[in-house]
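In order of appearance the chains are A, B, C, D, E, F, G and H, and numbering begins at 1 in each one.
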Amino acid sequence: MTSSSLASFEINLDFQRAERVGFDEAILCQGKAAEHLERILEQASERGVSLLLTRLAREQVDVLPPHQRNHLDYEPLSRTAYFGAIAPAIAPSRVALVSAGTSDAFVTREISRTLLYYGQSSTPFLDVGLAGAWRLLERIEEIRTFPVVIVVAGMDAALPTVVGGLVGSPIIAVPTSNGYGVSAGGKTALGSILASCSPGLMATNIDNGYGAACAALRILRLLDRSARALPPP
Amino acid sequence: MTSSSLASFEINLDFQRAERVGFDEAILCQGKAAEHLERILEQASERGVSLLLTRLAREQVDVLPPHQRNHLDYEPLSRTAYFGAIAPAIAPSRVALVSAGTSDAFVTREISRTLLYYGQSSTPFLDVGLAGAWRLLERIEEIRTFPVVIVVAGMDAALPTVVGGLVGSPIIAVPTSNGYGVSAGGKTALGSILASCSPGLMATNIDNGYGAACAALRILRLLDRSARALPPP
Amino acid sequence: MTSSSLASFEINLDFQRAERVGFDEAILCQGKAAEHLERILEQASERGVSLLLTRLAREQVDVLPPHQRNHLDYEPLSRTAYFGAIAPAIAPSRVALVSAGTSDAFVTREISRTLLYYGQSSTPFLDVGLAGAWRLLERIEEIRTFPVVIVVAGMDAALPTVVGGLVGSPIIAVPTSNGYGVSAGGKTALGSILASCSPGLMATNIDNGYGAACAALRILRLLDRSARALPPP
Amino acid sequence: MTSSSLASFEINLDFQRAERVGFDEAILCQGKAAEHLERILEQASERGVSLLLTRLAREQVDVLPPHQRNHLDYEPLSRTAYFGAIAPAIAPSRVALVSAGTSDAFVTREISRTLLYYGQSSTPFLDVGLAGAWRLLERIEEIRTFPVVIVVAGMDAALPTVVGGLVGSPIIAVPTSNGYGVSAGGKTALGSILASCSPGLMATNIDNGYGAACAALRILRLLDRSARALPPP
Amino acid sequence: MTSSSLASFEINLDFQRAERVGFDEAILCQGKAAEHLERILEQASERGVSLLLTRLAREQVDVLPPHQRNHLDYEPLSRTAYFGAIAPAIAPSRVALVSAGTSDAFVTREISRTLLYYGQSSTPFLDVGLAGAWRLLERIEEIRTFPVVIVVAGMDAALPTVVGGLVGSPIIAVPTSNGYGVSAGGKTALGSILASCSPGLMATNIDNGYGAACAALRILRLLDRSARALPPP
Amino acid sequence: MTSSSLASFEINLDFQRAERVGFDEAILCQGKAAEHLERILEQASERGVSLLLTRLAREQVDVLPPHQRNHLDYEPLSRTAYFGAIAPAIAPSRVALVSAGTSDAFVTREISRTLLYYGQSSTPFLDVGLAGAWRLLERIEEIRTFPVVIVVAGMDAALPTVVGGLVGSPIIAVPTSNGYGVSAGGKTALGSILASCSPGLMATNIDNGYGAACAALRILRLLDRSARALPPP
Amino acid sequence: MTSSSLASFEINLDFQRAERVGFDEAILCQGKAAEHLERILEQASERGVSLLLTRLAREQVDVLPPHQRNHLDYEPLSRTAYFGAIAPAIAPSRVALVSAGTSDAFVTREISRTLLYYGQSSTPFLDVGLAGAWRLLERIEEIRTFPVVIVVAGMDAALPTVVGGLVGSPIIAVPTSNGYGVSAGGKTALGSILASCSPGLMATNIDNGYGAACAALRILRLLDRSARALPPP
Amino acid sequence: MTSSSLASFEINLDFQRAERVGFDEAILCQGKAAEHLERILEQASERGVSLLLTRLAREQVDVLPPHQRNHLDYEPLSRTAYFGAIAPAIAPSRVALVSAGTSDAFVTREISRTLLYYGQSSTPFLDVGLAGAWRLLERIEEIRTFPVVIVVAGMDAALPTVVGGLVGSPIIAVPTSNGYGVSAGGKTALGSILASCSPGLMATNIDNGYGAACAALRILRLLDRSARALPPP
């Protein structure tokens, strides 16, 4: 059996996910072979559906056939791509996106790009680290007005605790792998978020901007269903 | 300086928390000395406020003075207590509380007791482990109707992944420390939840039923404010 | 003493393994120097035996002398190679090979290629992840008919638990290193498998497709001996 | 709501497991409250079924009501109990139970007691540690005749590797938590088994004698079905 | 040789430490046998020197001979004792002692008691956790006036970061073991402090109040020497 | 929205830090995208302020626009750069910089370069490892004369303990990631420093030369304020 | 089968070890059930051989039958016992036993008692910790005269490094579990020893005084064989 | 100050080590900058001494000035080099060098090259892994005749345990980093060695062939001194 024939029956996308949970499957590209990525995009093309691709390395893009590569809207810092058309964003933004500094932009952009793919915009508050707490405090009242707050934090991840003590909205906290020594890899940031003395923070995996955006989508769609008295998705 | 005089200025409860985030401070009793607990309850009595106490060991209850101990509604499995009157529960339940088995009851009861303290009821689905997946599947349609779903899971914590792929509501997943060998202490269960292939799960610390309840409260109050077009707390 | 002379007595292949345990030694190539690999293939050529090579990097293949490289059947995704002739596969397949998605194909192919080397075929069920549980459920009756089931799973590794609760055959579960954050390296997947609430799962090392295939071979040969009332190998 | 009323709907035993995987649910008692254990035994009595209880502490036995306690066959070293009648053991033994020394007897007895509960006997080889390798070598030919071999090993867990290189049967290896320093808790023993240079070892969780027995049962029932040309359970 | 004779030459106190580093040896009692503690106090009595004892368990105190026990000033929460007379405290306090809550009092008292033993007083700011950041902010100007600031923090240890961004004095941060789940044992708090985005924090071991006090003493004595233009100790 | 427009509002430097803590913000360049670094230098140019850049990789320098690159004083071993003019160093040196060997020079230079940026010089004692303890002992009297001692140590990090027992000044100890096996990454060195039997050592994160310098600055400025009877920064 | 009958064939002592490696088997008692210990002593009595028992808890001694208990020479701090007669010690001592302080006496006594059991004496240097390095330096010339040096060290374990740089004899280093925070359990001490910059240190498991004594015995017997030109044991 | 001037006083080789411990300082090159390596070789040239360099990467060799590079005897697999003349090897070999397979040759050659540098030869037994235990058993009598045995083992490291139970000589065991999954990095192999049930094994750091050779040298020189009745080095 050749590799290409193997690939032909190894792909089984979950095109019914939106019916069950309210949004489509996205493709986590890390670890996927070129042959598999190509076949996944083919299946999407054949069905006429769009796809969100996450953790897509530049090297993986470069080996796609041109007719597929040309239909990708690829953003290198977040390593996300849109394949096919995306939904127009709903105004106004209902998500505050808070982070300590630009080193975490690879995650904050994955969040904003994922939200955008699913038709939601977000409002960035991206350089409000606690080494200079005035930067957060002068914007906290604005942050408090958002239905959902996502806090992205690496190193010591003290930011979610302070936000959590000042804001009553649901707070999704994303630890990042940025840092060195004891903070390399993000375990310390993850631990800080989970051990926070502020009540009711909710954590995602390290660097999981996509997951944080999906968590926000679950809450926003609950709000929408509730406003329209709709049944679950 | 005597110990009792030290204690008198070491206590500084956050009685303004409800104004900021929508619910009062609770007292995490683990690690607190008897002298401190007694002084905290005194402050609450003086102000005429109620308190929720979590991780309160039987031994800590036993050394309280009788006039305080008699005003505690203590539940030993969850190690929670109410001090003073609590709010009447709002009908109907808007939280589905899902777990694999009775070994995790020390956490599920902390969740239901915390929700109750803040005026919310919950609906238990407590023995639906995946070793017999039919138990979950025969109740999944009912679970899907709840605005918020909390899944409590120890050992391999496969349950949140399956629920997450079948339910569109916000899902708060609580790993538990129950288990032995590689699952002792709950790190494996926590890892499974954070690494879940189901999108948008939100995790709390291991055994943190109180935190999961607070996360649910943040979402429910957002729903309530939204329904009444209210500003943030 | 020169390096090449050192190599000449550092090699001592276990050509009697098949007599003891029923299948030949395979060569784990990771960490082996070029001089050693070359000498191992020479020994095999001299004895006229075939060899299975695992974890063989493209770079290691490229520096082999042409007369050796040309006799290799190399598959890059699984990093396996056959050196010399292999046994014809026995029909029909008695191994179900189950995995969540294409990102784990580097392991599933190592399994199917190892089984093939030892004369066994396998049947793939390779995109049945639990984020869309219907994909597994619609094929579970077919999976149940196989004498041996191998489940390959990364990230949260919830799949082996669900398969284990629905299938009575021996189940060999292989955690994979695929993932990021808490799932990077495969420790979380390994933990989930070992801590599974489904009884009787058997685990291999992370990414050890070769080992899983050997475990399956041990069971299949037991079946064969039993059918023919043969003594142990 | 009282605790006892809570308990009444928190129990949902998987009485259909035998139909799916070939053996009944067992009760993992670690972490279960007295009220839950009592209710589980009540359900079993009402249905007239037997139960295997594992990781049952003496303290948990002592607080059961006498009419339940008197029907338990409790073995303290393995912390297992039979509730109700058990199946008569099938002769002859098809499982070799190998361990390095008496310190691991708390696990080897859990294995033999679990096998016995499900109607299988086993043959012990229990003091054959490699610090004196002659003890293993003088019995290895006998061990090789068993269809299934279970090796229990703590500390450095070198035993499964040596057995794995000498025996062709399926080998289930159980790391134990016995030891101190780097071997405390069993992580080193587990690592040794998973990293073994002997091909095709299959591991369970640390101290999981119950799981090893279930894995053996899966293989033995496959043999039985195969001998009778039966379909899967 | 008897145990008591062994003990007689196993003790070799460092009575010259004050000359080298400016303060006497203290006795870390954890892990010390009764016979050793008794002999150490004897040596001190014979020389007429005082001793500070740390991590001294109540059980260790209880087995001392009465003539020694009666000369101990023992404080159970901090598990410290003074043996013999102590220096009168120098007024005014030059150390701000900041912590999040009363659960960390076992460490904050070890600090204040150690400072007192060496003739220094301290000023407590002990319930200023960031879940209610106003508590810290309303006292921060006062904290800024102290030459040395010690911050004690468990769980997520966000407090040292915020203090570090607002205060220019040397800051010694002590992680505590208080907490559960990922914060059990203090590794997360330690990691947060070391990974802090506030520049120039200095960390001690988990729960090492004694060490933090000694670090403060080194700084205060440098100040004193500097004020008097003295050479190093 | 384009990437460059995103960047324009993601930068929010803390230009007021010197007022609060006594020294300016430095830029941790690890993890920062080229677009962000460029914008940060632009902001500094516009305001006419200098910047210290740390963990700046050669590759990051190479993609800066020439007009920025040419104003950088870049030192590759420490990966630090000065952007703009720096303060003239105050004579004489008040910091002893002690390390075991040249492998840790990447950290010792980060310390000396950071101190220099903030106007402080330091005195190196850089090859005094304990495998040959005479090297330390012959210089210890000189080291004792410095107000602040920084000890940089990798592998087993025994050096800070010995220095700590011989020197009374404040001691800041920096573990390094240099080493292999159990010392790879610096966790062992960090542990040794935190667990030191010498009292009052203060630790920074692994390889955090910048942080150690800032800690020293906090102490030196305290000395200066004290000498001039100045209020806090 | 009763427990006692089980025990009768679970014991298989390695009475031939002395022939192979030069010293008898010792009994590691941790984890052994009372029934097993009793049977082991019975076997030794029947054969008329002595036994060394290690990690023997007081509770295990107390439940032995009086006729066995009365023949034990039990030392509680080291938790060792001699059962039967022991060899007279050879004069003079050839082992220097160096440790930092009395907290590690539970290990140093296990070493000296094990050596004594096998006929070797040792010379203690037991309170020479590096916080006061003069204590080591004033005795180092004496330590240098011993053929074998054993260094026992907990916490930061800096002592073996300094000894290793000053002494040319074989050095066996034993990390101990004594300590708290990052040094709890002995992983930091073990890491320090393994990562030592002094060349040629040899490590044992944490708290493994018995193993260190055996390592010393291997070297001493090599010396003895060498002196008498004898073949290996 | 320029980098080159910095380097000139950062080097302080320990040329007196041979007097203290019996062999010269070797240079651990990992982590050393080119400027430092060059200066170290210069110092050796100036003094007319030879040097052993370990962990010297090909890239580090390539940037040395030609007059230094040409005097290096570099062996790439072990990454060792001799700079200057080396001592002639003493016949006959007194060290048995045992390993499981060729993947560990990068360590075994570091051992044999280090021994050779210090004038000792060794005898290799390099492909005797336990997956085929006959390979070890057929050579064990020969191995038993060596005064010192070094066992190098990766993955599960079962080999030292079996050798330790069969050989009475001092045994130095070196874990290697070779492997994947749970054995990646060598922690499992290290743990197995330390937890071995064979008494008196002595461990070095992972991959520390240099250290194992130095440990062997310490024992061999003790033998030599003993034979000549010499005092310590």
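The rule is short, and it goes like this: contacts are C-beta pairs under 8 Å (C-beta built on N, C-alpha and C of every residue); 3 or more make two chains touch, one makes a residue touch a chain.
On a predicted model such as this, the values are computed, not experimentally measured, just so you know.
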Per Cα centroids, the chain farthest from chain A: G
Pair of chains joined by more contacts [C-beta pairs], D-H or E-G: D-H
Chain whose Cα centroid lies at the greatest distance from that of chain E: C
Centre-of-Cα separation between chain F and chain A, whole angstrom: 35
Distance between chain centroids, defined by C-alpha means - chain A, chain E (Å): 44
Approximate Å spacing (C-alpha centroids) for the pair chain D, chain F: 56
Per-residue overlap in chain E, given as positions that touch at least 2 other chains: 17, 20, 129, 131-132, 164-166, 179, 181-183, 187, 190, 194-195, 199, 205-206, 208
All chain pairs that touch each other: A-B, A-C, A-E, A-F, B-C, B-D, B-E, C-D, C-H, D-G, D-H, E-F, E-G, F-G, F-H, G-H
Touching residues on chain E, where the partner in the complex is chain G: 3, 6-7, 9-14, 16-17, 20, 25, 28, 30-33, 36, 40, 55, 175, 177, 185-187, 190, 205-208
Chain E-touching residues of chain G, taken from the complex the two chains share: 75, 77, 102-106, 109, 124, 126-129, 131-132, 134-135, 154, 178-184
Interface residues, chain A side, partner chain B - complex: 17, 20-23, 26, 144-145, 147-148, 164-172, 190, 194-195, 199-206, 208, 210-211, 213-219, 221-223, 226-227, 231-233
Chain B-facing residues of chain C, complex: 100-101, 129-133, 155-158, 161-162, 164-166, 179, 181-183, 187-199
